[in-house]
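Given below, in the form of structure tokens, are the structures.
Next come two complexes built around chain A: one with chain B, the other with chain C.
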Partner chain A sequence: MKKEFYLGIDVGSVSTNLVLLNSQRELVYRDYLRTMGQPIRVVQQGLKNLKDKMGKINIAGAGATGSGRKLAGIMIGADVVKNEITTHAVAALDANPAVSTILEIGGQDSKIIMLRDGIVSDFAMNTVCAAGTGSFLDRQAARLQIPIEEFGDLALNSKTEVRVAGRCAVFAETDMIHKQQLGHRVEDIVYGLCQALVRNYLNNLGKGKDIKPSVLFQGGVAANRGIREAFRRELGMEIEVPPHYDVMGAIGAALIAKDAVRRERRTSFRGLDVSECQFGVRPIECKGCANMCEIIEIVKDGAGIACWGDRCGKWSSRISKYA
Partner chain B sequence: MLVTFPHMGNAYIAMKSVLEDLGVEVLVPPPCTKRTLELGTKHAPELACLPLKLNIGNYIEALEMGAEVIVMAGGCGPCRFGYYAEVQREILQDLGCNFKMVVLERPQGNARDFVKKIAMITGGKNILQVLASIKRATRVAVLMDELESLCWQVRPREKREGTVSRLMREFHSQAVKTRGSGKLAILIGEYKNRISRVETEEKKEVLRIGIVGEIYTVIEPFVNVSIAEKLGDLGAEVDKSITVSYWVINHLIKEALHMHDKRELREASYPYLRSFVGGHGQESVANTVLYKRRGYDGVIHLLPFTCMPEIVARSVLPEVSHRYGIPVMTLVLDEMTGEAGYMTRLEAFVDLIRRKKEMKELYEERILSGD
Partner chain C sequence: MKPRVGIPRALLYYNYFPMWEAFFKELGAEVVLSDLTNKKILDDGVNCSVDDACLPIKVFHGHIINLKDRVDYLFVPRLISVERNEYICPKFCGLPDMVLNSVRELPTVIDCTINLRNSYSSLRKAVLDVGRLFTSDYRRIYMAYRKAAQNLKFFEELMENGATPLEAMRGCHSAKGEYRYPIGLIGHPYNIYDNYVSMRIIDKLRDRGINVITQDMICSTELDRIARGFSKPMFWSFGKRIMAASRYLIDERQARGIIYLVAFGCGLDALVGDLVERRIRKRGIPFCLLTIDEHTGEAGIDTRLEAFVDMLEWGGAKECL
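Right, the complex of A and B next:
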């Protein structure tokens, strides 16, 4: 029998990740692409890369997640389309079945997920502010002209504590500039920033939550050793970073898809040739009422396959007609 | 004299009923839309809470259509709402709008002022007629809430997704055109019939979620991203702790007669929140406890950004959730019209409580079978 693989796609605001798991749930392929506001093109590019690299393989199931999950799900014919909380939790449990707390910091959002006895018992996503996310670190690294990859390691060289205000990205930046002008060393300021981000994250998301070990730290920002260290000190616990910390959402989607396919005994995956189809969107401005909903129709090879964006359901209810 | 009022979910039906029974010409503002919100945010102070902004949008849209009199509720507190009408009047005057505003407050001691205002709107109907029409409108409000509650039960079980929502859209487009309490009651009854005949899957495992929080965000679907509909489509039956009829009966009528029995609320919120903190803050805490006692699987707490009473409740709820073992999620609602973020949270919350329920059932089965 031919080997079976499971595909997971995580279409986020900043990056799109694809992973392929084998039937032993091991990661055999991963790809990272910048979404750059073009989810359709990036999903097709991702599938093309996968096809070029892996050749003809048997994909037995596929799952989509991330803020672009609906779009990606329709395009590839995903077996499951799941929110990021669930996929991250599933992937973390697979990496460490004893996990109790998941800290996740991505490009544009961050979340905390609490698990008890292997199920999600509570979660929070940041709502108000960018100061707790990767984009903010990116921006500050660029301002200090430090490559983002070295940013965290630099922080570890810090000897003196410098306090940076962390409640708001604008205040933090003002504060950092002020500290720089006073003559503080860059590594101290960078570590101060890591601490500020962690403080902000814990105040915003961790408020009133019982953070227990084992703690898993995932999402792109988990690569940053300065942040890891700041979490370790602030929480007084060891922080574990799983090997594929930056593609956990996609892994979770693939795992859930594997489960779904086992139950349903069939997959709705359209196949890797989807990368060669012509996808497009047809924007429609509905003039039915004062909401003037911006409707998007997804078109595959000239035919509409899905529609959304309306408040009243006049357009999106046509989905059933397509299917 | 064309009379209008701000929207709050299905409240327009009761308002229409009472005014039309008294022979008043009513203009229902167009349902809240993005335009309503834009008008409101443009003219309201930036720091004001969302309901105030939408009210202003409603007024402007109604005045454009020819309304002359605005009826608005007022009062001393219990939060910024008490001062809404005054602020709104000033804003509209500054905009050069031509209108008269009648602020109805719960009679506190002196009922004469209240009667006088009613007489002004109705053109001198006597107090008995007024009381009788209030009574009939209250009945209509109760019927309307029964209809909504029926929708919340049927929606997660319907065989063809979207049937209930389609029927309700049809209902609202007819209700706006239906005059007086009698005809409104008949229309509501007709739709109650149609919805109870919608084909359902009886065996389907349905979750039960209670909704608590600030009254406007709980009731008005435009601001709460149609939460009851979304949860219904996700397979959850909802119940709202505050409805229009609850508000009319308990806050307007019973409170005025000093008959509002708050013992159950006080008992349930004890010891987490022992005093009135304005708005429905204490109710939010109490109702979370009551939902747990009634066997609900989870609670969603709604508030408009910067709502003080609910911020107090929000800080208490994690402890209540922990002690009583009922998942609670707070959603803060503001001007954002992008729904993706809310959808992710709702989906994740439904996933969470479904898994929790399955685990619990599995565990109980094991105990019963003695494994």
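Right, the complex of A and C next:
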């Protein structure tokens, strides 16, 4: 029998991740790409990379997640299209069945997920503000001309505490400039920023939540050792970073897909050749009513395969799922 | 020709429209409604109203613009209190002033004052004052008011049987489907029932087989009974209903979770939201606070709703892993 693999795709605002799990739920392939505002191209690129690397393999199921999950799901014919909370929780439970708290900080959003006895019992996502997420760190790193990869390690060299305001990205930046002008050392400021971000995160998302060990820290920002350290000190408990912390969403999607396929006994995955299809979008401004919905039609090889963006269902109901 | 009275489909439309409609109709007026909230109404409202108003107030302004050129009168009552010793949000008290200040070229605005905090006498005065615009026959005004009150009662009964206001206004009972379990949806009526503002939250939940129960689907006497048990009286009528409903939903209706839809910038929601959340969390019931404002994308709300429902159902479907 041919080996079976399960594909998970997480299309986020900043990065798009692909993972491949084998039937023992082990990760056999991973790819981390920058979305760069072009989710269709990047999904195709990801599939192409996968095909080049793994050759002809039997993908028995596929799942999509992330803010671009709907688009990715339609493109690849995913068996499941799941929200980020559920996929992150599923992946974390697979990595550590005793997990109680998941801290997740991604490119433009952050979430906290509480679990009790292996079941999600509560969660929160950042609301109107993206301060303290990966994009903000990216930007500050660029401003200080420090490669983002070294940002966290630099923070660990800090000897003196410097307090940076973390409530708002704009104020934080002003504060940092001010501290620089006063002559504070860069590593102290960088660690101050890490602390500010953690404080902001815990105030916003952790408010009123009972954070218990084991704590798993995942998402792209978990790479930053300065933030890990700030979390460890602020919470007073060990923070575990799973080996594949940056692709947990995709892993969760693949796990859920595996389960769905087992139940359905079939997959709707279109195959890796999707990377060679011509995908496009056709924007339509519906003039049917005063809502003027901005409809997007997804086109594959010249034929519409999905439509969304309408409030009344006039367009989205025209094309049935995975036509 | 019949005088045309315009009623904006916003704010307390969802609480009182059947009453207002009957009253004006009985007085021989034609009732004209604004369109259902749409993008243009929202944009117009945001552009013309003061910056720091909350989303529902902005939406209300949009409805005024939508209506103003089609009617002889605009009905914008000044509501201060709708129940004894209670208030509603102060923005309702200044609503006619805000509208007059922000929107130009308005038809006559009917801005009768309703303040039932101390006594019902202001209601009587309001009814007579408004009635006299259309007829000098006091008996007719009285009969119109009676009809209006009857309609309101009938409307509220339909809602207490599980209909949303829009369903009840069509005179139909709730869309009784095969629901798997109940959850509570609480918040200001003008946020949860306006399909544009709430992004069809009720339909989305019902489509997933969930029985959505709102505070208006619970008998008012029950809510009052619970409210009397509060450690301190809640002096906001809506806040009281929301808080009492959250308890009733958990204790009497076995709601598996509670969703509170709040408008960004609402002072009342900020306070009541926290009180409700603490109480619900103590009981170990899943709670989800959804914030909406004019920039809210549907994707954000959908993700949270989806995750919340997944969470509620996860316990029952452990084979998920």
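The working rule: the second predicted complex is superposed on the first by the 320 of 323 C-alpha atoms of A that agree within 3 Å, B and C clash if a C-alpha of one lies under 4 Å from a C-alpha of the other, contacts with A are read in each partner's own complex, and residues count from 1 in each chain.
The rule is simple: a residue touches a chain if its C-beta (ideal position, glycine included) is under 8 Å from a C-beta of that chain, and two chains touch if they have at least 3 such contacts.
Not measured: the values here are computed from a predicted model.
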item: Simultaneous placement of chain C and chain B on chain A, clash or fit; value: clash
item: Partner chain(s) touched by A:33 [first = chain B, second = chain C, both, neither]; value: neither
item: Touched partner set for A:277, first chain B, second chain C, both or neither; value: neither
item: First, second, both or neither for A:94, with chain B first and chain C second; value: second
item: First (chain B), second (chain C), both or neither touched by A:156; value: neither
item: Touched partner set for A:259, first chain B, second chain C, both or neither; value: second
item: Residues of chain A contacting chain B in one complex and chain C in the other; value: 67, 82-86, 119-123, 125, 127, 208, 289-292, 311
item: Interface residues, chain C side, partner chain A - complex; value: 35, 38-41, 196, 200, 264, 277-278, 281, 286-287, 291, 293, 295, 299-300, 302-304, 306-308, 310-311, 314-315, 318-321
item: Chain A partner contacts - residues on chain B that touch it in the complex; value: 30-31, 33-36, 161-162, 165-166, 169, 226, 315, 318-319, 321-322, 327, 332, 340-341, 343-345, 347-348, 351-352, 355-356, 359
item: Of all residues in chain A, those that touch chain C in their complex; value: 67, 82-86, 90, 93-94, 118-123, 125, 127-128, 208, 255-256, 259, 289-293, 311
item: Touching residues on chain A, where the partner in the complex is chain B; value: 67, 82-86, 117, 119-123, 125, 127, 207-210, 289-292, 311-313, 317, 320
